[in-house]
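What follows is chain A paired twice: with chain B in the first complex and chain C in the second.
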Partner chain A sequence: MSAPAQVKALNCPSCGAPLTIRAFEHTLSAVCGNCLSILDTKDPNLQVLQQFKAREGVQPRIPLGTRGKLRGDVYEVVGYQERTITVDDVPYFWSEYLLFNPYKGFRYLTEYQGHWNDVATLRNLPQVDTRGPRPVATLLGEKYYHFQTASATTTYVLGEFPWRVRVGDIAEVRDFVSPPRMLSQEGTEGETVWSLGEYMTGARVWEAFGLPGSPPEAVGVFASQPSPYKGSAKGVWLLCLFLLVALLAVAQAFLAFSRQEQVFRGNYSFSPRSGGEASFVTEVFELKGRPSSVEVGVNTDLANNWAYFRLALINGDTGQAYDFGREVSYYYGRDSDGAWTEGRANDRAVIPTVPAGRYYLRVEPEMDAGASPVRYELTVRRDVPYMGWFWMAAGLLLVPPAFKSLRSVGFERRRWQESDYAGSSSGSGDDE
Partner chain B sequence: MIKHPFYLAYGVLVLGLVGLAEYRGWSLLSVNEVKDVPKSVRDNPGAYRSHYVFFPRVFRGK
Partner chain C sequence: MSQPTANCPNCGALIQFRWSSAVQTTCGFCRSILVRRDVDLERVGVVADLPPDSSPIQIATEGVYRNRAFLVVGRILYEYEEGGWNEWHVVFNDGASGWLSDAQAEYAVSFLTAQPGLPAADQLRPRRRLVLNGVEYEVTSLTQARYRGVEGELPFAYWDKEAVLFADLRTADARFATIDYSESEPLLFVGEAVAFDELHLKNLRQFEGWS
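And now, the complex of A and B:
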């Protein structure tokens, strides 16, 4: 399958420069690289079909005559053309390399800003459904979503072609994408050609053709570029679900097996109008077992009022104290929006890692000087699960998949920004 | 799971830390630990000066 193409040497009738025809019997036109004359190779006198001027220094990244292996077959670069579309008065051009294998025929390599596609013309026609807001082409059961329609003008040619190529040729091009593949429909007067391309990285092209150096850096996101996040975001979300279920199981286990033992309960009242010393200490209670959390609860009968409790859990034997404060406020009423409430009449605090021992609470309530008296209950429970950790863990578990999904959405957005549908959702059926 | 080893390791680490935090009884409450509180506090609670500094806000409702 690696047989070289049939080669014939000719001379340009315009400037006399030598010409090499590599796909001789298939070639209908060839370009003299010296004087840029397009010649009719089927004419015995190599009639000049067109002579064109081009900007200086056009150098195909893959030189004509280079051979490389694509899909297991050796192809030779026999032609090169540049085509341009103009959008909002801005010209965008891409390169097309015509590849030839005497047994397999022609195929193309296209390159746009470092993005490559391996393209072959199709023999079977896709079905195009134009009923929806975005046309969809179906080929072999796979749906391709319309990406862009544009008029492409051939602006530079080099080498040989199996058609009578002209600079200035215009074709209506419709692209449909299903990454990493892209269906393209090219229409000229009386002829429509469909082709199917598959995205390739520059590194793969360089490797296939044994090119020196490194390929040009890819710029932006190409229409058919496969998303590096496709599928992986779904997998991360599945793993996230599994981890959340595991977290729930851990939470259930701690709820089931933590002792949540009430070791103290006392009812008190406080009247700020009475004056005198507000602080007092409770009776002693005992915390047993390993160091664990201790929950101090304050349940009040506050109504449209607030109270502040300076609290200290003090170990009567060691003199170690845990000082903290809790503010309780509860307001309610009714206005033009209806009934409202703010705050709660109870509160709780979880003191971390309290060792076993004999403890008491030192309590110092505080309220506005003229406020109504408040009755309140203090409770102390040990080994109480702190649900805040589980909520925090759930948030931490959600960060990586959310980040991945955001990046996936961003990638698709950048892809479709280059399409005729920029600004609308992709609707590409992407599963992210 | 094998496709996302780093996330799996991260998830296991998070679960492990949650388990450890629960087992050790950690919480996010801001407390000041004070050592050597005299036993006389029981007899004279007003003499104890709380080391917890907090200025209560007054909520006035909606």
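And now, the complex of A and C:
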């Protein structure tokens, strides 16, 4: 039986400051926070591997030694490093917190501008397909799209590590995303290591580690950040579809229950050459029942001719008038392509929601002065189906999901702006 | 399972075997390395001081792998450039033996598997693909390790090694294989990477400040 493992306390050989070793014998190197010496903890004399300079006042947001609970297990922060990539001469750095549990091993928390990821090395080997324009990594049936390949340089270290860490270490990092998850492949000469990260909000990190105050505000959109619009746009589209079906059912019911009763019919003719006052009023007819639609139809014998009918439906008792007009034109002929026609010799207008009462039509036809006379029939039907409201409602219903989808596409654009594919369309099945 | 006993030829202490098929064991008192020759034990060397390590597993740890209970009876400790790892020798209720490796608390269970025609060590390099027993593996690392010591019962005599080359291979579905190039014929161990919780380990080592 092995004795319980003890936490070790050391003194920096360089400056004498005390150090605590938290990850037992796993630790191969530790950093003296006082003089920034990296010590070989397997060496009996704690040989200094490297001494580095750093910008002033680097303060990990989660202090070394803090314990927190991730996925049901307690982990302790034992190491901290900053790694930097340079894109177009601009350095970007992120923080990596090394977490340790003596039974569960090591995992990482990474932070970039307020975006956090919970990262663990993988037991499975993802399969990478580089045939397409954008490499795709598959892990357990899930596709991850290549986001970025970069050379990451370690620029600051604190605490302890189960490897011999040095400032200036360079690793090639390839990231693939399938929000909220991110696959990362890190290669040094002899070995490639895959890890899987899952996006975490700062609030959840603060809660998991019991940190005081509030987490730093997240800036921009992170590669693995789940889109707040993705699921919701889908949901709203589904709801919209459901409402459209319901709307269609209501429209069908209206159609079925419409009386479509003819209440007036009259035959007239108009000759523009005869001159004089063309306008006249029809005899009175009665509209009955609840307020509902009225259809006025114009059927003409126009042939290669046009006529304009200025119309008004007038309530004989109250004088209320519904003014409208209809232009009817019908042309036909034959040319090198064969017979052709344009327009129709009849038209109709629907006036929604007309109350009951005694009504008549005022009619005023207009034609070219030299045109041949036209004969026409006017019909009035009560309670016909009016579909205008249906199309308006359907259009309104489409507004929220279309808006959501636009937001979603915008979010994905901002995500991929930070990738190696900025400028190209995101086109990877992410913008639903 | 019968529990054979013997006396240490060096110090006379009682040696109680946990596994009847053990070929090698160590004396818990005088730290002699003992190899079984028929019914007798031969002292072939002395265990060097094992470097301190922090595996949560120890001799007599119990666990379960694929619904079969196992007991940890021995180990081989290796070191390489970036640390060390343990190959814990585990025996199952039915007498079968296997290996539970623990490298910085990343665990894998594997079994010695006969496989003629393994590639020579100099033919391997990371990312090369290799089909073993009909399964395609990818070489993930080549590790030049140093044999660092043994403890407890092993299925073969293993005590005078020095440098050992290992090739680790993995698959998309967490299968794991190691080729051990320490013998004239390379040895293949096939198994899978496992999560700590899957093994339901009991009788683990204690760590100060952790319960």
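Here is the rule we go by: the second predicted complex is superposed on the first by the 345 of 432 C-alpha atoms of A that agree within 3 Å, B and C clash if a C-alpha of one lies under 4 Å from a C-alpha of the other, contacts with A are read in each partner's own complex, and residues count from 1 in each chain.
FYI, contacts are C-beta pairs under 8 Å (C-beta built on N, C-alpha and C of every residue); 3 or more make two chains touch, one makes a residue touch a chain.
In this text, all values refer to a predicted model and were calculated from it rather than measured experimentally.
Within the superposed three-chain model, A:Lys104 lies in touch with chain C and out of touch with chain B [touch as defined at top]. In the superposition on chain A, A:Leu406 makes contact with neither chain B nor chain C.
With both structures placed on the common chain, the touch criterion links A:Glu327 to chain B but leaves chain C unconnected.
By the document's definition of touching, neither partner reaches A:Val87: not chain B, not chain C. In the overlay built on the shared chain, the residue A:Gly316 is in contact with chain B alone; chain C does not reach it. Looking at the shared chain after the overlay, A:Ala422 reaches neither chain B nor chain C.
In the superposition on chain A, contact of A:Glu191 is made with chain C only, not with chain B.
When the shared chain is aligned, chain B comes close enough to touch A:Val281, but chain C does not.
After superposition on the shared chain, chain A has more residues touched by B, the comparison being chain B against chain C. Those residues of chain C whose C-beta lies close enough to touch chain A in the complex are 51-54, 56, 58-60, 82-83, 104-106, 126-127, 138, 140-143, 170-174, 176, 192-196, 204-210. Interface residues of chain A facing chain B in the complex, by the touch rule stated above, are 232, 235-236, 239-240, 242-243, 246-247, 250, 254, 258, 277, 279-281, 291-294, 304, 306, 308, 310, 312, 314, 316, 318-325, 327, 329, 331-333, 335, 340, 342-343, 349-354, 360, 362-364, 366, 368, 383, 385-386, 388-390, 392-393, 396-397, 400-401.
Here chain B touches chain A in the complex through residues 1, 3-4, 7-8, 10-11, 14-15, 17-19, 21-22, 24-39, 41-42, 45-46, 48, 50-52, 54, 56-62, going by the rule given at the top. The touching residues of chain A, counted against chain C in their complex, run 1-2, 4-7, 23-26, 28, 74, 101-106, 121, 123-127, 138-139, 162-164, 190-192.
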